[in-house]
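What follows is subunit A paired twice: with subunit B in the first complex and subunit C in the second.
Right, the complex of A and B next:
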């Protein structure tokens, strides 16, 4: 009798393990094993020239040395960060504004649901399709140029994609358009979590709406802001599809829009798993550090 | 504790179950390996046998009828990147029966078309992976026949993954009527011919008759040739055209092939990247033209590049082979220059070629005699080849046939305003010298044009652009130095 009871309790545990199996297996096969093989690959010289396989030969940290010695890596990091900042700053500003409007009950905004859907829509389009669209719109004889010329703003078509800053701006603009809806929804959730009693109290004390925003909403929003910022930075470091399609993989002009992952992708033409692996591991370390920061920030608060 | 053990055991059995699932298939594959190898070697010896027979009696016409050798594989796997070759086989190969767009039959052999588009190197990636596994694949899964393009031909030809056509039983005299350059491209470093093509793609310069009349007072090809007979004259003509409001060509990339087909050294010499003098001449000439506003810098096939297909684009000329003007220059669109028959052809400064598709037999195929027959029928049978010219407007790889048609006054091109350009193509194709190809051509040509666009656009100086080129090439081919 006693044994039977104990058996029942334990049998629930058994189900726990069984339900965990799919996750563990998927994790091992698609995340953990690739992670380990990437690290292992990064220690080998391993590429293909035409149909001739070269390697794998163990060369220790030589791949890391040649990547870190290469000045271009810093250029690509810089490119990535510049384009991320150019997209992130307007993104966070617009999102804050929209979030504040949407979550402010006294404004009684009509059609909130509609606008929330609309601002999220660009995120549903594939980034590559979006980049193709921009590529066509901003080509030398594209619609944007013909509008600008016909309005008399330019005498002759402006070569958007042959100019460093206009190309970077286009990439940033696309990232902004794609992600500000997502950020708005995150920030709004944070704002709605703020105790309404605080807003009411402030109002009773005669605070203006901008005072409420800067003195109450923003400080209480800090953990969410940090979260948004770090996740966006991690996403930004992995920026790939938009500049890749917009510049057909060249990162032109003069590789000023070449991001780290685009650089990684270039090694895959020759199936250069060694170099690409080393670059991935470096990126993994940076992203790992950033994740730890988020974890500390969000968890430290509760303690 | 016991229960814990039990659950761990359960979990372990489930995982092992999954893994054995994977293991099972590999076992099957390795199990299938032995018969695959034995049959393929058997196929090879059989391929040799009819080859020997053929040399003795080349006039054995009835030998052609049974295309399929006895005991050969029942599946013919063809790898290609579009439906061009598929349509040639369907329309012109005797005995091909269509099942659906990716399957057909020849006799009792079923033909499987494996079509992977070229975009983003997808075709080559797929082909590489399959070829590298060729030795271990089951007989019916092996690639039997695949197609290649000139830019990367040597990458495949210079390996043991392609079969010498002589091993299929095709003799030099069988191919005597083919243009030499089509053989040069698919000859490996030991001088062994590894593929054949049914088409030739000699290029000429297509210019707008209307612009020619306006600027030079004539649209007669022989007169216009005087204005573009060499690069110096070409560049001076560009100035005349610019003053009249036209660009001599849409993009600097248009003339690239003309220069790069006339080099005297290879892209890579002893593992070191080497830029030929004629390529540097392209850079120099193009930079001058671009700076003077006499030519654009658009990427080929972009919308900006295609503007000149219409009169409003203000472009004088394009460089290309017959297929360019026939199929790619909007001839079917109302209002385009081609639609109005407004182009004319002339040789231009130098001879060149663009495009073309070669047929290769994959080593390890079990359909050698069928492949031999397909190659012979499509690339040497004059009747079939004439049919291709008439039906598909191809320039076929057959000297007598093309020379005859060049003199045929009844053949004229509507797009070229009634001109018969074949004589020009024939002349251009004879002068081609392609002894300076290397396996790095595709990557080098692409990256060179990409890098130089930055120089032409004024984003960097020449050294910066060359640096960019070297960097990009070394990324693609890590074994090279500069």
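Right, the complex of A and C next:
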């Protein structure tokens, strides 16, 4: 081992570079090179039609033109966003409510640790197993239908997975369950950071708790809320495991739960590399823009 | 106390009432979170025959029988799936935390020209999803002849921006550079200082990130499904997907439930022991407070 001790402080600083080597090498090999080849792929005609391999032939931006003209892309974008919104709206509302309660000292809620543990739990569950569980629970002869019929709510089993909106609702419900605990903890951290003097002042002025929440807490939380929303949107665009397993990759009924990444996955499996490349690059640009916004936000705060 | 007086005077609900509402909502939300796992547990203890007759809320006695059936009668290579998932997740977690700590230390403890650039760069790429480079990754893996190998699932975890960020935050609050300075005076090399002084000091953060990295890898489905094709190499999420796409109606439902339970409950049990650290870790890692 080399000894870094040379008497001068400056000489240590080369170790900064040395310690960065593993990260940089792995990043370049497994992230950066793949990114470049993905972009290159998007410019070539390269797919399989039956047993014959077409391409790769350079065709410029034709893949982009054809994927953007294809209605599928827009349908799947729409599906992804619809299911994201259906999960995100209840997620942020419930999280705000729970966060406000947890961080409110005058409520003195007991068992906070228990509740936090419970609501965060679904986040750690294997999404594919969770989706498989929902699939079996909500199947036509599954326990949920059995319970609903036993309770007399339905006369006969409801086919949850044959109906567009009930399938989408199930996906959204799973996403909601998996993420609202996480969001609650984040918002709570933000609420704890609010200067308590503000609350005391409001108290003296006789503000009600809902006034405090809407007039003080919420405006101060706006940066965190935007952060939560954008990171959640980036996560939402990656929605894959849950709808993939729930619908066995078909996105049924009538491809109404097919998401963008499921579409990408399909292209990758059928070795339609030109299209997969174009789709990847489009997703990269969108998530890249969203990332820059998040970066600007979190970095702006430091100053 | 003045607060309560104020509340009685004003139109807002009293603290007592609000507390009751809060408990009711919290209880409801908790049930909503746990209900599915309760159903899973009950059904995993029931035989196929019992499952077809409809749901009962009381667990039955066939848990071990289902488990034995899954191991002996099922076509799914469940043990190897579990073993593969575990190996990949454990090694990824170790590499991820060790090297992320190292990366964070490089940025935290040293001053060099590209320091600011590197830090901003890592933060920028933090949010980019791995799926968008999956195509290039897949081609790289096949060119390196690493299909059906665990290497492309383990080694990339060395470059984990989110873990790096957490470690950097943690170092800022707990690692005084004077300690590093003292080690230098004692003649410790930089690499040794990192391993014997810095790394042990980071234990709490490392524990949290080990768990997160392990769970992330354990639950990962997208990338392994593209790379692992050999039946003996597949991980649990892939086996679950196969279970879903198979003609599952013909399956012994007891086996299906126990297999799902088998993928979910170990994580839950570990989580319950460590939940305190995990929940704290979430708050600490993501946003600067």
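Just so it is clear, the second predicted complex is superposed on the first by the 280 of 303 C-alpha atoms of A that agree within 3 Å, B and C clash if a C-alpha of one lies under 4 Å from a C-alpha of the other, contacts with A are read in each partner's own complex, and residues count from 1 in each chain.
We adopt the following convention: a contact is a pair of C-beta atoms (placed from the backbone, for glycine too) under 8 Å apart; a residue touches a chain by one contact, two chains touch by 3 or more.
Everything numeric in this text was worked out from a predicted model, so none of it was measured.
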item	value
Which superposed partner A:168 touches (first subunit B, second subunit C, both, neither)	neither
Touched partner set for A:185, first subunit B, second subunit C, both or neither	second
Touched partner set for A:270, first subunit B, second subunit C, both or neither	first
First, second, both or neither for A:159, with subunit B first and subunit C second	first
Contacts of A:284 with subunit B and subunit C, given as first, second, both or neither	second
Subunit B versus subunit C as contact partner of A:248, first or second or both or neither	both
First, second, both or neither for A:47, with subunit B first and subunit C second	first
Of subunit B and subunit C, the chain that contacts the larger number of subunit A residues	C
Touching partner for A:141 - first (subunit B), second (subunit C), both, neither	both
Overlap of the subunit B and subunit C footprints on subunit A, listed as residue numbers	13-14, 17-18, 20, 136, 141, 248, 269
In the complex with subunit C, residue positions of subunit A that touch it	1-5, 12-20, 22-24, 26-27, 29-31, 33-38, 41, 94, 97-98, 101, 106-109, 113, 115-122, 124-137, 141, 143-144, 146-147, 149-150, 177, 181-182, 185-186, 188-190, 192-193, 203-204, 206-211, 224, 227, 231, 234, 237-238, 240-241, 244-245, 248-249, 261, 264-265, 268-269, 273, 276-277, 280-281, 283-284, 287-288, 290-292, 294-295, 298-299, 301-302
Residues on subunit C engaged by subunit A in the complex (per definition of touch)	2-4, 6-7, 9-13, 15, 18-19, 22-23, 25-26, 29-30, 32-34, 36, 39-40, 43, 52, 54-55, 99-100, 102-103, 105-107, 109-112, 114-115, 118, 120, 122-140, 152, 155-156, 158-159, 164, 184, 187, 189-192, 194, 215, 218-219, 221-222, 226, 236-237, 240-241, 243-245, 253, 256-257, 260, 263-264, 267-268, 271-272, 275-276, 278-279, 282-284, 286-289
Subunit B-facing residues of subunit A, complex	7, 10-11, 13-14, 17-18, 20-21, 25, 47-54, 72, 136, 139-142, 159, 162-164, 248, 250, 252-255, 266-267, 269-270, 272, 275
Complex interface listing, subunit B residues touching subunit A	3-4, 6-8, 10-11, 14-15, 18, 121, 128, 131-132, 155-156, 158-159, 161, 296-299, 302-304, 307, 439, 443, 450, 453-454, 457, 459-460, 464, 468, 471-472, 475-479
